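There's a structure below that I have some questions on.
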C-alpha cells in the first residue's frame, strides 16, 4: 500500500543526514554518533554525520559541501525545532544547489534531549524520528515560494506611547500609517502620569509633543474613538474594517474651543472623568484633557440628555459658532488596505477590589497608584495638592507594592514597573506633603539604567522600606495612635515580627493585566496569548515583536508588562520589522498550499464549504474544484476531507505523512 | 530495549498551538516519558482519520491529536473539523475493539507546555495499563491460517504472535 | 488454433456476481463463440480434477467472485491462480471482502453460535454443528475449515485485475472481457472501473449546493427520500463522493444512496476512514454534543463505511477477537 516506489523522474534519491550536538544540549542526552551510525544503514542514505553546531556557519557549510561532493538531493537535519531553524537549513540546502524544500528537519532537542531523562530512550526516539524523516523526505518535491506584492501601508492599533512611537517611526520613513485608537484621544496611560522614573522628567513634556507630531504628520491617518472590527487577508495584503464611532461632532469643523462644554445644560460635570480615573467629574460633552489629540470634543451618548431621548434645550449647539455639533451623526465604517499591523493595545491596571483585605472601595483613603498619579500632578483634579478623600492632608502614607502581582491568588507575574513607580510616587508624595512614607515590598526590583541609584536616593531621603507582603488594612484601632487612622498589618520579614503601622493614606501599587477583551482582539488578529493573556511573541528571544501570524507585530504592554523605555524600544523594533516587510515590497508565500488534481476530482463539492478562506471554487464547466493559491493558507482541511484523495498539500502530502508514520513506527 | 515496556504514541500536533507548546515544554526543560513520536501538521484539520488508522495498523499503541483550543484555530475552524471527525472515529474504533484511551484529542495552546507533559505522561500510563496493541503482529498471526504450508507450524506462529 | 480458455469460480458469495455475467445478455453468445469455458460451477459440470489436469497457465483468464473464508476456497483460489495467466477478482467480495467481510467484526465462534443456534429461524434441537471430519462405519466425510478471518482474494493469492461492484455492471464486464481477449492489457493491479468518484456521473449533482452542510444524518427507512435531490444534501449518508463510478448509478436511480460497493479511488488507502472524514467535515454542528447528536443517524459506522471493504481496511478485523483456536 505505502511501498510504492517514488520515481521522481529518473533521479536516484541520495539523502544526507546531519545530526546536531547543539553543544551538549542534545549530545548530553542523545547518543548522536549512534543515531548517525543507525541512519547510515537506512536505504538511500549516502551521508550520515553528527556535528557540534549544525546551525553555525561551519555546520551549514558541511551541508553545502556534502551536497556537492556526494550529489545529495535530500537533506535531513536532526537538531532543534523547525520553528527555530527550518529556514536556516533550507537556505543552506539551497546554497548547496538544490531546492530548499528537499530539506526536512527533525526536532530532537525541544522534543527530545530537553524533555527526557533516560539517555537510551531518548536515543531510541531520535532514531525512530530520523527513520520517519528519511522515509518522508524521498517524496519531497522541488517547490517554489510564490511572491505577492505588499501594500505599503501599516495599521497601528492603539495610541498609547507604544503605538505613537511605532506610528511615528514608520511614518518618518515615508510609509503611510493608520493609527486607530479606541478612546477619544491618543496618549494612553502615559498621558495620565505626572513624572517618569527614574529621571523624574515630566511625562506630559515628553509625550505631548509626540502626540502633536502624530496629529500633524502627513503620513499618519489618525482615527481616534475608533475600533478595528475585522481583518482579512494575509501578510502584506490585509483588508481592515474600522468602525469610527459617532462623536456627534464634525471633526472638520470643531476647533476645540470648548464653548459647547461651557454652555452645556449641565453646569457641573455629572459623569466620572475617565482621564482623572474618577477623581473628578466631566460633562456629557467634553474633551478628555486639555492636551488631547486630536483637539476635539466628544459627546458621550450615555450621559447626554438629548441623545438619550430627553428633552434638552441643546445649548451646546447654539454655543458652537462653527455648527460642528451634529446629533445625527452615526458610526461609519472605513475599509483600508495595509501590508502590516502593529498591535499596541496596552494593558489595564489590576482592580484592587479583588484583594478585599486591602480595603479599596471600602476606606476612602485607600488609593490606587494611578489615582495618586492624578493627585500629584499639577494638571490633575486637585492641581497637585494632595488631599485625601476625607479632606485631610496625609502625614503618614503607606505604599503597598505587588497588589495583584506575584500573587498566586490573583496574578502570578511581576508587573515590572510597580517598584519603580512606587518609589517615584513616594518621592513625589513626600515632596508635596512632607509626609512620612512607608513602602511595603516583597523584593525591590530595580534593574534598569539609573534605577538602583534611584532606590538608593529614596532610602537617603528617609523613606521607610519594610519587607513583607501586607496582610490587611483596617480602620479598627488597637491602640490610641491607630484611632482615626488606617492601620497596615504586615509581617516584617527582615525583622521577623508583625508590625502595625497607622497611616492617613494608603497607595496600592496595582499590577498590569491584559485588557478584558484581549481574547477577542487576539482572535481577530489571529495571534496567540501566553497563559496570562498577554499576546504571545513568535519567539521570546529571536522574534520578540513578531507573532505567529506573519505581518502582525507587537509593541508595548499588550505583550507583557514593561516600562516606558522598554515600550518605546519595542515599538521601534516592531516598526523596524514592519518596515522590513513593507520596504521589501513583496512577500514570499510558503508553498505549502493545497492543489486539486482535476483528473481525480469528481466535483463532489465536499471541500467547497470547508475552506475558511473561500479559496476553493468549482469550475462548473469542467465539473472540478479549483483552489486559488493566493487565498489558500495551507491548513490542509480540504485535503483531509477530500473523499477522492484528489487534493494534495505541498510538504504535507498524504504519501509523505503515511511514510513518516510507517517508518517512525517501523523502528523497532 | 525500552520497547518491551514502553508504549508508543504517535502524536499529530498542529504547528501553531500544540507543536509550539511541545517546544515550550522543551525550552522549559519539563520532563516527560520518551513515548511520543510527533508528526507535525499545519493544522489539526489536516489530520485525516486514515493517518490515525495507519498509525494503529503500523504499530502505535496510542494516537494523540493536539490542536488549538476551540475558537483559537490559526486557520479559524480547522480544529472544529478535527473534532467532528474525532467524535465518529472514536466511536468506530470502539466498535473495532480499540479502547477509547488509545485515541486522545487534546486542545493545547502554545503556552501550555505543561499540558503536553501531563497528557503524554497520562497517556503513557493508560497505555501501559492496557498493554500493547500490536496490530502488525496480530495481522501476521491472523494470516497464518491462510498460509499454504505446514498448518501445525502456522498455528504455533499464530500463538507466539499473540502472546508476544 | 484452440480458443482461449476462460474460467469463472465462486467462493463466499451470494450468487449475484454469477447473475451479472448472465446479465451481459446476448453478448454472452458472442463470448461463447470466442472462448472455451474451463470451469464455471454455476453453469457447467466441470470437476476440480478437470482443472487440476490442465497445464499451469492453460487458462487465459479466470474470474473469481466471493470472499475467502474456508480452506477449500483457499485451495481453489491457489489452484486457479496456478492454472490461469490472468486472475481477476470479480465483484466486491473478491475485490475488497464484500458483505461477508463484515463478519470480521465477530469471532468464528459467535458466527457459528448464531447461525446454528441463536438465529430465530433455526431449529436445531440436537445442537448440531458442522465438523471438519465425520467418521461413520469406517468412512470419513470431511468439510473444509471455516477460517477465523474473512479475506479478499488478493490476501490469499496474487491478483492481476479487479472488477468492482456488488454486483459488477454488465457493461464494464463486457468491456473487460473484450479487452482481455484483445491481448492489450492494462497495468497489473488495475481496477477495471473509472478512477473517479460517483458524483462525477451522478444525475443529481446539480442539486447539490456549493455550501453543502449537513445538519443531521438521516436514515432512509425513517424518512421520505426526494427522488431528484442529491441524497447527501437531504442528509442521507451517500458514499458516492468516495466511491468509484462505473456502476451506472443504479442505486441513485433507484432512489437509494450509494453504499460504496465499487470501492475507493486509487489515491485512498482506507475507504471508510476517508468517507468518515468527508462526511463529518460537512456537518454544521460545532460543539461536541451537537456533533454527537448530528451523528446519531450513523449508528453503525463500521457497517456504513466498510459495508464492502472491512477485510481490506487498515484495521481489517475487530482487533480483540480470538483466533488461532481450533475445536
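All chains are identified by letter, namely A, B and C, in their written order; residue positions are counted from 1 within each chain.
We adopt the following convention: contacts are C-beta pairs under 8 Å (C-beta built on N, C-alpha and C of every residue); 3 or more make two chains touch, one makes a residue touch a chain.
Just so you know, these numbers come straight off a predicted model, no measurement behind them.
A summary of chain positions shows that the Cα centroid lying nearest the centre of all protein Cα atoms is that of chain B.
Between A-C and A-B, more contacting C-beta pairs join the chains of A-B. Rounded to a whole number, the gap between the C-alpha centres of chain B and chain C is 30 angstrom.
Between the Cα centres of chain A and chain C there is a gap of 58 Å. Distance from the chain A centre to the chain B centre is 34 Å, each centre being the mean of its Cα atoms. Residue positions of chain A touching 2 or more other chains: 2, 610, 637, 640-641, 654, 658.
Looking at chain C, one finds that residues 268-269, 274, 277, 281 touch two or more other chains. Multi-chain contact residues, meaning those touching two or more other chains, occur in chain B at positions 48-50, 54, 81, 85.
On chain A, the positions that touch chain C within their shared complex are 1-2, 599-606, 608-610, 618, 623, 637, 640-646, 654, 658. Residues of chain A that touch chain B in their complex: 2, 81-84, 107, 109-112, 114-118, 120-122, 124-125, 128-129, 132, 523, 526, 528-531, 536, 548-549, 592, 610, 612, 633-637, 639-641, 649, 652, 654, 657-658, 660-662, 664-666, 668.
Of all residues in chain C, only 195-200, 205, 208-213, 240-242, 245, 264-269, 274-275, 277-278, 281-282 touch chain A in the complex they form. Within the complex, the chain C residues that touch chain B are 68, 74, 78, 105, 145, 147-149, 151, 155-156, 268-270, 272-274, 276-277, 279-281, 283, 285-286, 288, 291-292, 295, 298, 300-302, 305, 313-321, 323-324, 326.
Contact residues on chain B toward chain C in their complex (touch as defined above): 48-50, 52-54, 56-57, 70, 80-81, 83-85, 87-89, 91-92, 95-98, 133, 135, 138-139, 141-146, 148, 155, 158-159, 162.
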